[in-house]
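What follows is a pair of complexes built around chain A, which joins chain B in one and chain C in the other.
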Partner chain A sequence: MLASSGQRMIPKLKSFTIRRFTQPAISEQNEYTDVPNYPPILDTSLQGRKQRKRETLYENIKALKTVEEKQIALNMPRYYGWPCIMFKENSVPYNAMPFVQYYTKTYFKSIHKLPDTYNNTSTLTDTVLKDVKSHIEDCIAFENIGIERKIEICSDLRVEQQMEDLKTKEIVKQINRIIMNNITDKVPHILSTQVDYEPRHEAFWFMGGGAVPRKVINWRKQYPWLRKDRLNEAFDKPVQYIGSPMLTLRNNLPLRPIIPYNEAENPEFKVNEFEYVPESVGYVLEHRYGTNIPGFWPGDQDEFGLLSYHGRGHIINRKESFGAEDNLEALHCQAIKSSFGWLLAQANYQGFTTYNDITYPLTTQTVITNGQLLSFYVYQLNTITMNIDAVNTNPKHNICYGTKPMELYETIEDGKVKGLNEDTLKMLIQFYVNAPVERDHELKPYLGDEEQVVADIEEDERRNWLEATYKHIVSNRPKHVLMPEIYLWEKIYKIQHNTRFFEAKKRPFELGINPFKRRLDEHLPPYIPKVLRPYPKCRKKFETMYYPKI
Partner chain B sequence: MKLSRVLYRQHIGFMFKKHWLVQGSRVPIDTGVEKYLKEKGIKVEDALEFIKEEPRTFDRISVIGAYEPPLPLNENHPEYKERPCLTLKSTNVLLEGINQAQVLTKTIIAEDQLPRRIEELAELPAPKAIHEGVKKAILSANVFDTEQKKLPKKKDKERPAYNFPRILGITDRRRNEILTNRLIQLIEKSSDIDITQNKYVINNVEHRSVFDKEEELIQFQDVSNILVTSNKPLKHDLDTSDVPFIEIPDLFPVKHTVTLPPEHFYEEKSRYPILPSVLKKYPHTTWLHFNETEVNNIYETPVTPAQILGRSLTHAFTEDVKDLHEPIHLNCIQTDGKRFHFGVFELNTLNVDGNDGTKNIWYCKNDQILYDSSRYFSGMPSLDNYNPKVYGYINAFYNC
Partner chain C sequence: MSTRWYPIYQRGNPQLRVFLPNFWMKLVRPLPQQASNIVHFQCSMEMTKHDIKNYLDKIYNVPIIDIRTKITTGRFRKDAGKGYIVKDDDIKYAMVVLPKTMTFEFPNIFEKKKGDLEDDTKSLEETKKSFRKYINRNKDRPDVPSWFSI
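Our next item is the complex of A and B:
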């Protein structure tokens, strides 16, 4: 007993030893200046302090060097993921346009012909049109009546919707094949362009505007410091887009912007605020990690989208009472959501996030089709920040130009396509001929010089850990231990009616703990079994974790 | 949450049960109303008289549901036939592999031998940009695609009961689809426009061939993952002299129909998916994917390389179903995403009885490896030992 306490005392003795040498503080040569140099006056109010804290977070994320680390950093504050408002590509509720426009900050302009930037390729387009016209007619007739396909129907969607989407998919593949083969030797960018079938598109951002839900207000009412004047304080609502186009083209260079970047601040493009709570207009919340995926992992060279084809089978699934006008708006909504989602994910791979706005515009082209009707959309992404600090101060808006659905042909009679609409086909070819160009500014200002993706990191252990963690987070696989939950009986007998006051208070809500307020790194690191520790002696029991420090 | 848990906590259910018991055994109290009413001359009826009748029963309504249910598989099914048809599906393999396929299709094999024109075309060097494109396609299929679906369970032979964490990644089906479609796109982009305009490229079409062999009905049901068709039939100039053929083997003691399960529901006619009115209807090259997770032996043993080769031959045979005036040729490429098997099938006869007379010929070049490995190696995308020769063959198959 004595011996052991004696041993313990030895390290303590160190602190009692007297420091013999002291160093005088180095006196600065230029301690005095002619003009008084005051530190900045900081806003010390609660709001000011909170804002400063948020701004350091934005700066910290900006300073991270790799794409994957930034994506992990977006999810750092929540161990169980964010309660996201789900934007699904294939479901558009009634009258969704104002909501979608506000949540993507997009000004929509209806057009009949493509913007003027497309006009300089008209001679080339005409020659291509002449070449491919008959072949496109053939392939449409072939896909519609010339082939018997085995159709696999799953039971969770309407049969008509699935049939239409399946047929469209094949027609789109054929049309894409014919046009691509024809223009490969006429336009240089086509050879290096990659074609993806049904890629995975996901995008995540924060929206600071809109109304505060009743549930949040009620929760705030129980705390006196919130009840007083912070009941309606805005907060960041996480939004997640999920979609899967039928076919996409992407290249290593970005498309030319349609309008100059400074034009994005034009007050004409302002969209109205949508004041209602998303759940009240038909959107659902889902707990998940935020993901930004434009159809490939970071590190692929071809990271700018050119064109994406989407199906419109979901229109069949809408109620008849919605009417034709709302169906048209649903198509516009689908185009805005998918274009914004894809471009935002691409912007994230360039090192921008929902906290750090893009420094240059990005453009994409979208086609929504069912094989016969085609609607064309051109989208320019000007801004991606709409969190609580930016939603009212950021003057930039995104712009979407879109046409009505146009017929590619009238009917199919006796195995031949009748009445092919050349204008429609011409627009489609214009999308293909529109060449991406090299930009004269830096594309990745917020990424490192040497390290831009995790694969560039030299330290083996850190690279492997980050790679595995990133893939684990974006997979959104179900957790081994379920999320904390207040059971219904607890709500009735413990919260609403205090019938069990005699029991020991052990559950989080009885102890005043919010279990969802847990950071991603608040868990025990993986244990290293003794046999696996390095020989001869190693006291390190747990593996190192490399979560980004923000 | 289990409901019983709440009940146990509150014991409220027990209280209700008790309450019913107590209330159920109550003795009615005589209030004297009956006597009073009788005095007044009002008739009193017993309440039990009214509930004497049996409760009315209702017929069950048959709910149709959102979809028409499939017809039951019995004798009344429209496709039911008395005579069983021995069926080989694309998810099954032959027990004896290539040897059994030879017997079934009456084919002799020219191993490691392809038509001269294909060999000549395969020698032509491709530009560097094309090979870069192939490398991109391989990386896309194995590394950069973002599918995260459950892969087959990992097992350790030493401790088979141990459960590893389930790995998510690119499934073999998706990997093969991406790789083969990208390769076809690259070839078409680099080919002459006159060649590509006379061809169709179709994905996932089903076809079946039904034929008699030695008084047994046999059916091959197959899916062509990519089918290239052209506007005129494929022709190869083949010189059969001085080619060492592998003759049709004797399978004894195994019968040639082993592992072909008999089926009673089938169509008696062979079927080719493209209608005869279409101009570009002639099959040119067919691509077959070998997806490890989908193709199995019916006896659950792992699929052997010879069985994989057998698939190519039966697949090519299925594709060729027509009246024969002259030999029909067809190119076939099978791949599992890494290994490529090339074959050219020459159909000379549809009479597959016995081992004598005219025979079909299968020219093949097997086990061409496109690359050694492509994956995330230690957190970095990697592609080892890319073999440019394979692209030459694929290109030659398309352009011949």
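Our next item is the complex of A and C:
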């Protein structure tokens, strides 16, 4: 016993020994230069220091090597997730267009025919149209009249909406099958294209502009240093998009941009600021982790979207008083939200985040349909940064071209489709024929050379840990332990009125702790039971955690 | 319609002929950062969205697109005399959405007219003068009530 304690003392004793000789780390010759070399002058004001702190965060996230680590890093500051403004694909409140445009920085342009870049494939489109037309007529008639569907109705949506969406899903599947089968041997990219049915699309970003909520202003009013001039100081509001298209196509190459990238800075595309809070439109907040999922996991080869089909059943669910004009705007909103959301998630898989802007434009095509009416949208993503440092200084804007709903056919009489609109069908085929091309620049500048996704990491323990943590975060499963809460009786008798001053102060709000500011890694690592520790002796009681250091 | 308790009629009492409805709506100033086509009301707790729509549409012919309601908790305050904590009544708010082409601006109810300030200062001066006169008259006879004079 004595011997062992004596041995333990030795390393301690070592630290007590005094260093007798010292010498400078840099030799004296290097200390002087011909031209005075001053350190940069830094802004030492509070705003300046805060901005520098944010910029180091952006740089640290940029320097992370893999997609998954960047996604975990976005969620690092919050153990309980972010209070996100929820952009759901199929619920659009009244007069939401200005809000949606500002929060996605999208300029919308109404068009009657597709942009000029689609014109060079017209001969091919005509031949495909001739082949496909009769098949599509048959399939529409069959899906509408020939099938008696047994539908499991869920209770929280209107029956008509569910019926329409279900029928549309089948029609879309058939139309996609017919067109793809026909053009596989005519255009090369279709063969390598993946088809997803009802994929999961989620996207997360920070919005620095817009009004500061009333609650925040009231909170700031109680502190004199905030009340003075920082009452309306902007902060990053987290936004989360969630949607599920009926069908998507994706390829290993991206589509061509519609307009050149430098055109994105054109002041013509400027979007007006939406100066009210999201709640005034009808958008609500939800506490969750930010997730970016474009319908597949990182590491998939086909990571660029070509085309997505969306249902328009939610239009039935809207109130009659909203009117036809607002219903049309709701379709535009749905297209802007879903196109931006999908492209943003794709950009995240290329290593860009809401803090690090994309270096090249991405494009997608969106169709919103109910089987009879089709509206076509072409979206070009030019920028994804709109945090407080970029929202007013970033000149780039995204662009969305969209048509009104067009009829695919007039009616179905005697089991046959009457009045098939060839122009509408032609536009749809043009979307399929539009081929993705190889880009001559680097696609993933912010990802590592060898490690681009977690699966590339060689170290087993770190790879497995990161994979499990990433999947756990994006699953957004509820926690085992409930979120902290201030009970109403505490608010009344402890916070608003100090009637229980004699009690011990134990609750977080009494100790001046905001539990929602807890960071993701502020928890005890998993315990290693003694039997599982390496033989014969191991002092390591807890497993290592590999949270990204930002 | 009313659920109010009216005094039970006793012979000889005057007949009550006024029946106030349960349904009332009070136009309130909206919080800032609210779109200009949204109007805020406080309304009776019993009113549903349909009631609010009918109330505004049928009586005042207001075109209504959408109605959102919320019930806010009343304020908790210390009772002035007793010192214990009491709670004010809850309030039901109705946010009424008008067509986006329309705008509503809350009227300035207590608007001051041009001559108002001068009139106010004049009457204040007069009151001050009469009070000074009263003090002067009574300075030699303290503790005498004001009505005790010729």
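Definition applied: the second predicted complex is superposed on the first by the 527 of 550 C-alpha atoms of A that agree within 3 Å, B and C clash if a C-alpha of one lies under 4 Å from a C-alpha of the other, contacts with A are read in each partner's own complex, and residues count from 1 in each chain.
Quick note on the criterion: a contact is a pair of C-beta atoms (placed from the backbone, for glycine too) under 8 Å apart; a residue touches a chain by one contact, two chains touch by 3 or more.
Computed from a predicted model, the values in this text were never measured in an experiment.
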Joint occupancy of chain A by chain B and chain C, clash or fit: fit
First (chain B), second (chain C), both or neither touched by A:Leu373: neither
Contacts of A:Tyr276 with chain B and chain C, given as first, second, both or neither: second
Three-chain overlay, vertex chain A: chain B-chain C angle, C-alpha, nearest 10 degrees: 100
Contacts of A:Asn95 with chain B and chain C, given as first, second, both or neither: second
First, second, both or neither for A:Asp460, with chain B first and chain C second: first
Which of chain B and chain C A:Tyr493 touches, first, second, both or neither: both
Partner chain in contact with A:Arg214 - chain B first, chain C second, else both or neither: second
Partner chain(s) touched by A:Ser321 [first = chain B, second = chain C, both, neither]: second
Partner chain(s) touched by A:Leu285 [first = chain B, second = chain C, both, neither]: neither
Partner, of chain C and chain B, that touches more residues belonging to chain A: B
Shortest CA-CA distance in Å separating chain B from chain C in the superposed model: 8
Chain B/chain C common contact set on chain A: 493
Chain A residues within the chain B interface of the complex: 135, 138-139, 142, 145-150, 155, 159, 170, 173-174, 177, 180-182, 184-185, 190-192, 194-197, 199-200, 293, 295-297, 299-302, 415, 454-455, 457, 460, 463-464, 466-468, 471, 474-475, 477, 487-489, 493, 500
Touching residues (chain side chain A, partner chain C) in the complex: 93-95, 211, 213-214, 275-277, 280-282, 319, 321-323, 326, 492-493, 496-497, 499
Chain C - residues contacting chain A, complex: 31-35, 37-38, 64-66, 68, 76, 78, 85, 97, 100
Complex contact set, residues of chain B against chain A: 1, 5-6, 9-10, 66-67, 129, 133, 136, 139-140, 143-148, 168, 177-178, 181-182, 185, 188-191, 193, 196-197, 200-206, 223, 271, 273-275, 277-280, 376, 378-381
